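So that you can tell them apart, the chains are marked A, B, C and D in the order they are listed, and the count of residues begins at 1 in each.
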Amino acid sequence: MLLRLGYDLQFDIVEPVACVAQLRVHPSRAAGLRQPDRVQVEPAIPLEEYADSFGNLCTRFLAPAGTLRLKHDFLFEDSGLPDPARPNAVAHPIAELPNDVLRFLLPSRYCEVDSLAAAAFDLFGNTVPGWGRVQAVCNWVNAKVAFGYNFARPTKTALDVFTERQGVCRDFQHLAITFCRALGIPARYAAGYLGDIGIPPAPSPMDFSAWFEVYLENRWWTFDARHNVPRIGRVLMAAGRDAADVAFFTSFGAANLKNFLVISDEVTDASAPRSAAQS
Amino acid sequence: MLLRLGYDLQFDIVEPVACVAQLRVHPSRAAGLRQPDRVQVEPAIPLEEYADSFGNLCTRFLAPAGTLRLKHDFLFEDSGLPDPARPNAVAHPIAELPNDVLRFLLPSRYCEVDSLAAAAFDLFGNTVPGWGRVQAVCNWVNAKVAFGYNFARPTKTALDVFTERQGVCRDFQHLAITFCRALGIPARYAAGYLGDIGIPPAPSPMDFSAWFEVYLENRWWTFDARHNVPRIGRVLMAAGRDAADVAFFTSFGAANLKNFLVISDEVTDASAPRSAAQS
Amino acid sequence: MLLRLGYDLQFDIVEPVACVAQLRVHPSRAAGLRQPDRVQVEPAIPLEEYADSFGNLCTRFLAPAGTLRLKHDFLFEDSGLPDPARPNAVAHPIAELPNDVLRFLLPSRYCEVDSLAAAAFDLFGNTVPGWGRVQAVCNWVNAKVAFGYNFARPTKTALDVFTERQGVCRDFQHLAITFCRALGIPARYAAGYLGDIGIPPAPSPMDFSAWFEVYLENRWWTFDARHNVPRIGRVLMAAGRDAADVAFFTSFGAANLKNFLVISDEVTDASAPRSAAQS
Amino acid sequence: MLLRLGYDLQFDIVEPVACVAQLRVHPSRAAGLRQPDRVQVEPAIPLEEYADSFGNLCTRFLAPAGTLRLKHDFLFEDSGLPDPARPNAVAHPIAELPNDVLRFLLPSRYCEVDSLAAAAFDLFGNTVPGWGRVQAVCNWVNAKVAFGYNFARPTKTALDVFTERQGVCRDFQHLAITFCRALGIPARYAAGYLGDIGIPPAPSPMDFSAWFEVYLENRWWTFDARHNVPRIGRVLMAAGRDAADVAFFTSFGAANLKNFLVISDEVTDASAPRSAAQS
């Protein structure tokens, strides 16, 4: 399945500010790129690319005062299949986990594993370790937390979500991640593209999306406590311990977002790809 | 100056549990090792060594039920000089920081940079960026927070320290780190050996110590909001975003510490080194 | 000055629910009433009136399923003068405060006096006790906290306001109250009518308002960390330790507010009063 | 059953400080007093007695610098029966509760009813309202929270107890109170005497004790999530919304407790009462 992916972000910058964008497709999905994946920045300023400690591709620059625009769109070849599932996937004993997976068991800024460990055992201690346990976590979070864009706030943690039972995408995932880690299942926060492909009418307003991944049976698997059904066309951009590690745009100083557009569509007429350069 | 460093830790393990120790000298201090630095584990069990994403040396193993003992002592050549200081060291504009330093500006589990940013600017917004600003942070934390071993608790964050004004070593550093990051100065948590060398009588009971490092003028510098004076014989073991990344011992399940001894002494009679093998 | 005061509130009630309204004028302002002050409830149901432990007049009832409407409007004679001020008013030593004032020094649900005491002394410890200290608190809160209706959330406490620096009316007052109590000045939360009388064009959308009162020189005085200027036509409805004690409407179960109108206008043409009975 | 009750408290007072003691037997238990109940204060200073808004008897004074001693002991006639129980006691619909009981449904400083409401329904939503529901709350808290004197801290709230699962007497009661209120059952914090009467050897070190009361079937009933068994010889001193309202000693400034003795014994040899005057 061919997807058109992209974004168009505009900011008002009052004074020069250092910025980091995590807007590129994750290296693990590079094979799907049908066109180069470069962040196009207006005005033309020097960009520096690097991979952070999680392997996410980052683009750094010093934004000058004025309007800053980050945009790109490109074609991406996806399997067209829903998120892979293996309902009998087993959990590894912690002693057998890869070294670099262990850090996804620890507490992090928005995932207070230490504070929610007892609640996790109360709620899920009797479930069988493995896929079913993660699914139980997702079912619970999905059923108990109400979604609403007005419930967002930047300092909201998993414990806040547990007590307030309200949130946006990232909040659902933070709570689910925290429960999983407390239960000994490595879990990481993921962000990327998620269109409405295969979803009946009335799609949600377009934005990037957050989900999470757990490590079971030798690999990472996608879960999504917000939607809680397998979806088509999920394309990873960045993964980390929680939203503190993963942000499509970070400015170390003021930057006011004034326009925000994300594209994630199936291309049905392949003869007419609109390239980023043409837009 | 020749130091004898080491530890002797004993745990009661009720059932087999996966463990990670961060008990080795940090690679940045490897030149000082006069004897091999190996964690000696009793009973003899397979150990796996790896470096975590911060470059800290970790030792992993599956501890069997029974008594677990981790011990070692070894000679270490230190400069014998106090913590280096450069009181006119400048802060880098964020746009000029190395890529791998940027993550030490972000919020982390015990350092809610987002929540304490306003207080940091209230308190230190008028200080001059650079060494003096960090020193002002340390002076404030040192003066305002009371030390007491009974003030420790595992979930205590920088915000808790700010409101309660009580804590142990790690709490002092967490608050200072959080303020520094909020002020645009990369700061990381550090743990290691710190003896009473050069300190008049009545030394504190021996333990590992926590301090922090900030990035100024092209390198990391040691600061210590708890003691707040340059010290001799500080030997780094591990550094990370906060205590969630740095723990001399982590068990993924119950492990009861029943004995805890840390050695950090100056060797004045060099003719009689007691090697780890002899102990 | 003659005011017309009133409200018109409509709720959807799904199943019968116990309710308490604090919609009456506070007994301390009863002299201004030019018409009876009764909560008119539709449908006609039994009402019970009582004074709570703070002396606020409460109206209790069991709301049946369906639409619930609470309304009233009435004429009220006000001095027409701005909030009284006595800039040299002294603070009482705590030992000389009246017995029933002491409780307004204690921590309460949204005012964590214990947690913010150190910050209060950092910020205001050098101000002179009395009116000036309270004004310094109000100036600080007013300058540091940004107002926005979208910053409201029901569990937000003074500590949250201190860290987030955003809020609505009640949040400003909670933070100021907490600082005052920590500094030994009794402070209580107040709610009532506050129109735009004497304010130039572009008044704010009409709502009830929150302010606070402090006890200095033998009486309670009005302060308002949100507006931070003396205002005309403030009419108290209820006072208590914080918003947990004072709510114009409390339902012990679901009740969805679907219409909300508050009237607080100067009556300039006294010949045409619109009485509640006529509306 | 005849009890000897009393206390001997000594403080170091550095500079004169306003104090309030809640050391008298609650008016509801006055009938049991066999000797006058007066707080004896050394040095002899003026005392003022008053009842607070909960009806607790308070003793106010300005403590001079030096040693402050509060003491008393007296004989008290108790039923000798365990805490009354009525396992089929029903819960009142909120609409039928007495006016002055309603405030014990609201959130308070250490009882964040709003934040723990969802967890309360998760855990106890399926229990039958009434005595059994309260007992289920006590059983849960008693089983899940570990007791330890070193777990005490002054700012600890019910939510902290829920996440940390550790605490002292007051913490157990705060969590149970919060759950009860969230479930629509009025609950208040209680403090008083509780000896080891009828308890086999190895009694706990003597202190005042905290428990809680719930309103069922037209009266308040004693529950105790810490001990969770009916006890003999419980004598109420003060009740309020939580520990912020009830403290045997409050000083508005520094006062260091240096001696603390509580007496709560059965008098078996009635011929030899030791009166307070004789001690």
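General observations
As a convention for this text, a residue touches a chain if its C-beta (ideal position, glycine included) is under 8 Å from a C-beta of that chain, and two chains touch if they have at least 3 such contacts.
These numbers were taken from a predicted model, which means no experiment stands behind them.
Across the assembly, the mean Cα position most removed from that of subunit A is the one of D. Across A-C and A-B, it is A-B that has more C-beta pairs touching. If you average the Cα atoms of subunit A and of subunit C, the two centres end up 43 Å apart.
Centre-to-centre spacing of subunit A and subunit D amounts to 49 Å, using the average Cα coordinate of each chain. Subunit A and subunit B have centres, each the mean of its CA atoms, that are 32 Å apart. For subunit A, the set of residues touching two or more other chains reads 112, 115, 155, 163-164. Per the touch definition, subunit A reaches subunit D in the complex via residues 112, 115-116, 118-119, 122-123, 144, 159, 162-165.
Within the complex, the subunit B residues that touch subunit D are 150, 153, 155, 163-164.
Taken in their complex, subunit B has these residues touching subunit A: 16, 18, 20, 48, 50, 52-54, 58, 60-62, 93-95, 99-100, 102-103, 105-109, 111-112, 114-115, 154-155, 184, 244-245, 252.
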